[in-house]
Amino acid sequence: MFFQEPELQYEVTVEEPDPHFAKLLQQAIGGQEGEMRVALQYMFQAWAVPEQHEEYRNLLMETAAEELGHIEMLATAVTKNLRGATKSMSEEVRETADMAESMTAQGPRQFLSAGESAMPVDSNGAPFTGNYIVASGNLAGDLYANVMAEATGRTLATRLWNYTDDPGMKDMLSYLIARDTMHQNQWLEALETLDDPVPVPASFPQEQENQDVNYTFMSTRREEQPDPGHPWTEGEAPDGKGQFSYAAEQPGDGDVAAPDPDPMTNDDPNRTDQ
Amino acid sequence: MFFQEPELQYEVTVEEPDPHFAKLLQQAIGGQEGEMRVALQYMFQAWAVPEQHEEYRNLLMETAAEELGHIEMLATAVTKNLRGATKSMSEEVRETADMAESMTAQGPRQFLSAGESAMPVDSNGAPFTGNYIVASGNLAGDLYANVMAEATGRTLATRLWNYTDDPGMKDMLSYLIARDTMHQNQWLEALETLDDPVPVPASFPQEQENQDVNYTFMSTRREEQPDPGHPWTEGEAPDGKGQFSYAAEQPGDGDVAAPDPDPMTNDDPNRTDQ
Amino acid sequence: MFFQEPELQYEVTVEEPDPHFAKLLQQAIGGQEGEMRVALQYMFQAWAVPEQHEEYRNLLMETAAEELGHIEMLATAVTKNLRGATKSMSEEVRETADMAESMTAQGPRQFLSAGESAMPVDSNGAPFTGNYIVASGNLAGDLYANVMAEATGRTLATRLWNYTDDPGMKDMLSYLIARDTMHQNQWLEALETLDDPVPVPASFPQEQENQDVNYTFMSTRREEQPDPGHPWTEGEAPDGKGQFSYAAEQPGDGDVAAPDPDPMTNDDPNRTDQ
Amino acid sequence: MFFQEPELQYEVTVEEPDPHFAKLLQQAIGGQEGEMRVALQYMFQAWAVPEQHEEYRNLLMETAAEELGHIEMLATAVTKNLRGATKSMSEEVRETADMAESMTAQGPRQFLSAGESAMPVDSNGAPFTGNYIVASGNLAGDLYANVMAEATGRTLATRLWNYTDDPGMKDMLSYLIARDTMHQNQWLEALETLDDPVPVPASFPQEQENQDVNYTFMSTRREEQPDPGHPWTEGEAPDGKGQFSYAAEQPGDGDVAAPDPDPMTNDDPNRTDQ
Amino acid sequence: MFFQEPELQYEVTVEEPDPHFAKLLQQAIGGQEGEMRVALQYMFQAWAVPEQHEEYRNLLMETAAEELGHIEMLATAVTKNLRGATKSMSEEVRETADMAESMTAQGPRQFLSAGESAMPVDSNGAPFTGNYIVASGNLAGDLYANVMAEATGRTLATRLWNYTDDPGMKDMLSYLIARDTMHQNQWLEALETLDDPVPVPASFPQEQENQDVNYTFMSTRREEQPDPGHPWTEGEAPDGKGQFSYAAEQPGDGDVAAPDPDPMTNDDPNRTDQ
Amino acid sequence: MFFQEPELQYEVTVEEPDPHFAKLLQQAIGGQEGEMRVALQYMFQAWAVPEQHEEYRNLLMETAAEELGHIEMLATAVTKNLRGATKSMSEEVRETADMAESMTAQGPRQFLSAGESAMPVDSNGAPFTGNYIVASGNLAGDLYANVMAEATGRTLATRLWNYTDDPGMKDMLSYLIARDTMHQNQWLEALETLDDPVPVPASFPQEQENQDVNYTFMSTRREEQPDPGHPWTEGEAPDGKGQFSYAAEQPGDGDVAAPDPDPMTNDDPNRTDQ
């Protein structure tokens, strides 16, 4: 169950409104690495956690609600960058055609579809999609997905930090970067509380997997190469359950032949040359 | 540069063709956890690796080419399950309407659009999308994405293994599960070769992030809760760069007020009540 | 800023778990008429409301947070229908192939991708998309979008109510239907507080629109028809600003000719027959 | 059944070709508020209207065919803005690289994929999608969807009108804005011909909905607030079937616990910590 | 400019309503090979044809309007299969849960979202998308796209014909198959009126293309193969402008090295191991 | 089964790095006419070819692997255009805000999401989708799809060639244009090896199609027109199986009436006016 208060989780100020930066910020709202993704991802993961693992459900929901607040902060930042910017234009550049042209280089739908406000799209203008959300029903897999989400999310935030010199925006991003640091750490810590989760899923009886190739680095080079002696071709594997080895060749020899389609069912789609 | 041979990386046989299972296998081809995703993800990641890190580029490309072969194996499995199935139907159930009905409960496009063969869609029939691919230009973030992809991919493969009792399909999946074991391990091993990558991205000067909240677990509970003493609220963080702490409250106090849109630019979308 | 508590907004019980119904419920989570849409739509609308219209911002956010709780209720309902169902199957039908077949007639990704839990997809398995969200920056337009969203949402909920006879599910849906009744009414009430909003947007100087056709019903029938005397071809228009009239013909006469593409820029794509 | 004539519904002229404006116009073709949406939406709605309501079927189809003509007008406007623009460039700015750069700030696919013509995409370049179309099979819900579509469509058209000072474009938009005025009015008028449609769907026996919360404004504020005395918290509801009331709290108390997944079916995805 | 009459282009009757077949028919409405695609594709192509090629514009628009009528026929067929089917169910199978289950095996949104009518989706339930539409601004390319669209469309229609034994449906499909025969032929005939269009685009000065590989079949086999003497490795090419030859090897030797990202711009995403 | 070598199929050099051109090149990677489409399309087609047509399977796979190498070449070109460009900027224009602004006019995600490298998106930033792929299970239909893909692909490549004057880029494109020439020719040649494939699918017994309209050009003009005497209204059809004729009218007369929805199943969605 959710609640809200009409205040931001952290202050958002913009000194020099910049419609260019408003467009870039959309990536952090509706993009692959954005806050809509993590807020919803943590919720769907939480709702799949069985009762006996209540502490993980709570951990996920605590953070999901925080991320909702980050969407709100970023949407506020977008609106302030867009609305302030048009106001601060001098009269001479506000000639209709020039202004329209200046906008089209940015995110046109922020003006045309949203009245100078934020949208559920990324910085390219592509819509947010449920395809970004990973919630596998397997806790270890989900936690790795969360580490990844926070790693790419923090990478995005630091790039945005580099692309602005507005003090307000830098301060907001400094806050969001710090939260991503915490979230990376908390998901890694949660992974450490799991008992031997790798290879994920741990519950599969590993003796059922093909024993010839489960710790073998398989080269796909056209020309056979000798073992390069990389850390992933020799020595103990990180899961502690096998020794890396090296194969210069893929097994091969499987028959590629596809059966004929059923003439009655399928009207023989390839019968054109008969 | 790529090459191919007309043989499968590993043998694919189907003893009891099953159109139901053909539909499930589509998830491993064109789905979020599927082989199209990893094959393309590893390629795009490789193409962004600068020359000085050639060993990672090669590692990624070696595996990308292997994954292409997995798509081929799975596509062959789909075709064999579909085409064999219609052939093995007894005459009496091949009445037109009944057969059509039986198929519509499965993946109709496998019959209507593809002539009983595999498609670039998932098990729900939703098309493969570039949105699944993570290639951030940051090696550590990408490697976590790869661990996640192989973790959810292996989870999918083990579920498929549980949903069939065809010996050929179980053998093929046993091979693919083993490869996912290896790939999880190789990406974890590659992460270990990086020098102190967490928090990702490591190159951001961490003193620039907000120091008040970068290792603080922030509760979003409506009712303030005492520190629950979880591993993620106290003790050293996994990155070794901070101590976890606990905050029962979000900072709050940011002003939610959005500026007015510019009347000239925006035609004052909210002026309806004036 | 958002908060949460680990309880549901309203109790969710399932007496006879039913994986079929779990699939139908997905429409109310991730579908065009679903709760993800309204929760996010109300948020994005709220974030665009300027400070002077604070009461509308609050109205939108109050309801947005409630809708988040509805997603949670429905996700819980899906999980209970899925997980209970597999448990209650008798041993004999739990043979692997039969069970797999039974599931593929339902939502395969709920099993393969989500471990018997809810997903951000609709009942066809298509992913949730930001394209469903309407947040125009114009308050009157947004409120009509909200009336529509609650109208189609309540229609969906009543259809779901008709398709189940599980008392727990009927009770949950009875609650959600009631909330949709309230929400339809509150958005209509909010529209009434606006001063003369139709035609939306009210701020456009109506004398600038073409005065010949702004209250004319224009027939597109191939054969010219006499005025049918419908309420929309005569009498005062609902906005009170014009009288309906009837035109048996579209104006026509515009020249369809497209200019030649620029040869230098465009390589004359149609020059193939020269 | 459809017919066509090689003339435009209304004249389209462009005095100062402007590739920037061509990109903006795409929103009115393939965007969420665009003409492809309404043309197809009205068709699909019409095809669901049962025989006894023939006058609504006809109303919808009359307008659907008109909207097809609007797509044609806008596509012509796009082509004229694109093709004229490249021709009117002076020689010196037609240096290859500069010209390419100038275009990339606009809609590159209009040049690369379409030979300087219109496309089924929005102003961000995102493809048109059937997800925009609302056709619920419930006439009242559909009519509200149409009011909304014309309200956001007219808002878009007035914004475009503001962003150009080309007399030809202003005249075309003045025509389209007028038609949106008419269409808003005709859908509102059609709603008035329905007998007591709210809450939609009217056919659901309202005594079956939860009577405790069907006219109650439910606050989600973290801190309980007194009744604010808004029009939506007291007085008669617009549907005339209930009195608004105010609840400072959500009901709450529902159990969030998810059941365990079935080990056999699901391979216990959370068993990693056992 | 478009017109319509309230009659179908060809009669649509259903003797044995069949919700299964209703789902299959969706592929011919909103699918990759469906009528929405061709109707819109021919329109967008027409709108790009310059004035001097008016006969091709007309050819395209004549057929576009016909295809709109095919969508209408198919939508009517869907509705008749859905609505008749629920009515013809005997009382005993109309128990709520059983009926719901029977539907979920079909297209749930046809019931939940559309009130037993047609939708702009394919037979898998995936939404129609502008991505299906090819309108390149190059007439020869577009005509090949149209041949392909009618070839795959006719293939779909014949498969549907095979999957039903309802006389009304077979008659409707027999009509649509015949129209696809005509349309394939008319696009091929139109291609023949072009003067030497291959290789498309004909306007590119062919001496500018790399002369070493423009008529060479390039093998990608891992093991070098001798010239197999296929029709595409020797003899005159179909465009009459070159002789096929065979290369057992790709040219190769290009340097794969990616440059370093700019540290200032990019925050050196790969610096994690330094 | 696939293999790779760390070299490019053909050399890729960039003399004057240009981020604008990097964005345009994305169309050739992840766009509708791009190399991801053809590489995957040829694979899925190949996997559906039955054993007896092995030579077509091989033909398709040979080319699929080549196209993978083209993606790699183009991705390298994108990275070189992006990374070189930021490095070559003079210090004065590298002020943060200006640089950010300069980028936002280009493809922001290439910077924000990918660290100055290539992405699986088109030049508008829309993600690659499986919807682009045509693999119908019918060889003749597939080959026409391939001719079309190479025709629009070559058109795209020639437009890109026109939009750059960088010698390295022109050379790379000259190579790719030449390959598209070959591929168009090889698919046309393969079509010629089929015995009488038109109308596709050839296996459908043509006497089953409606004989009244299968070679008739059907006008949809509002006003009846006399036979225009075009090549597609008279004379022998290209398939040699019929004579073109002309009909000034569509058949018409089909009843548009939709049946009533079932009240029990559907809750009578249109009963609102009763």
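Note that the chains are named A, B, C, D, E and F in the order they appear, and that numbering of residues resets to 1 at the start of each chain.
In this text, contacts are C-beta pairs under 8 Å (C-beta built on N, C-alpha and C of every residue); 3 or more make two chains touch, one makes a residue touch a chain.
Each chain and its UniProt protein: A, B, C, D, E, F = Catalase.
All values derive from a computational prediction rather than experimental measurement.
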Number of steps on the shortest touching-chain route linking chain A and chain F: 1
Homomeric contact chain B-chain C: same or different residue positions, threshold half: different
From chain C, the most remote chain by mean C-alpha position: F
Chain whose Cα centroid lies at the greatest distance from that of chain A: E
Whole-Å gap between the CA centroids of chain C and chain E: 28
Inter-chain centre distance, chain B versus chain F - centres from mean C-alpha coordinates, in Å: 26
Rounded Å distance, chain C centre to chain F centre (Cα mean): 32
For chain A paired with chain B, centre-to-centre distance based on mean C-alpha positions, whole Å: 10
Multi-chain contact residues (two or more partners), chain E: 1-9, 32-33, 47-48, 54, 57, 61-62, 65-66, 69, 72, 76, 79, 99, 105, 111, 113, 115-117, 121, 124-127, 129, 131, 136-138, 140-141, 152, 155, 158-159, 162, 193, 200-201, 204, 220-222, 250, 252, 254, 256, 258-261, 264-267, 269-270
Chain C residues touching chain E - in the complex, by the definition given at the top: 16, 18, 20-21, 23-24, 27, 31-33, 105-106, 122-126, 152, 156, 159-160, 162-166, 220-223, 250, 252, 254, 256-261, 266-274
Chain B contact footprint on chain C (complex, rising order): 1-5, 47-54, 57, 95-97, 99-101, 103-105, 107-109, 111-113, 115, 121, 124-127, 136-141, 193-197, 200-204
Of chain B, residues touching chain A in the complex: 3, 5-12, 32-33, 55, 59, 61-63, 65-66, 69, 72-73, 76, 79-80, 83-84, 86-87, 94, 99, 111, 115-117, 129, 131-132, 134, 136-138, 140-141, 144-145, 147-148, 150-152, 154-155, 158, 161, 174-175, 177-182, 184-186, 188-190, 192-193, 198-201, 204, 206, 208-222, 228, 230-232, 237-239, 242, 244, 250-256, 258-262, 264-266, 269
Chain F partner contacts - residues on chain B that touch it in the complex: 1-9, 30, 36, 40, 43-44, 47-48, 54, 57-58, 61-62, 64-66, 68-69, 71-72, 75-76, 79, 113-121, 127-131, 133, 135-138
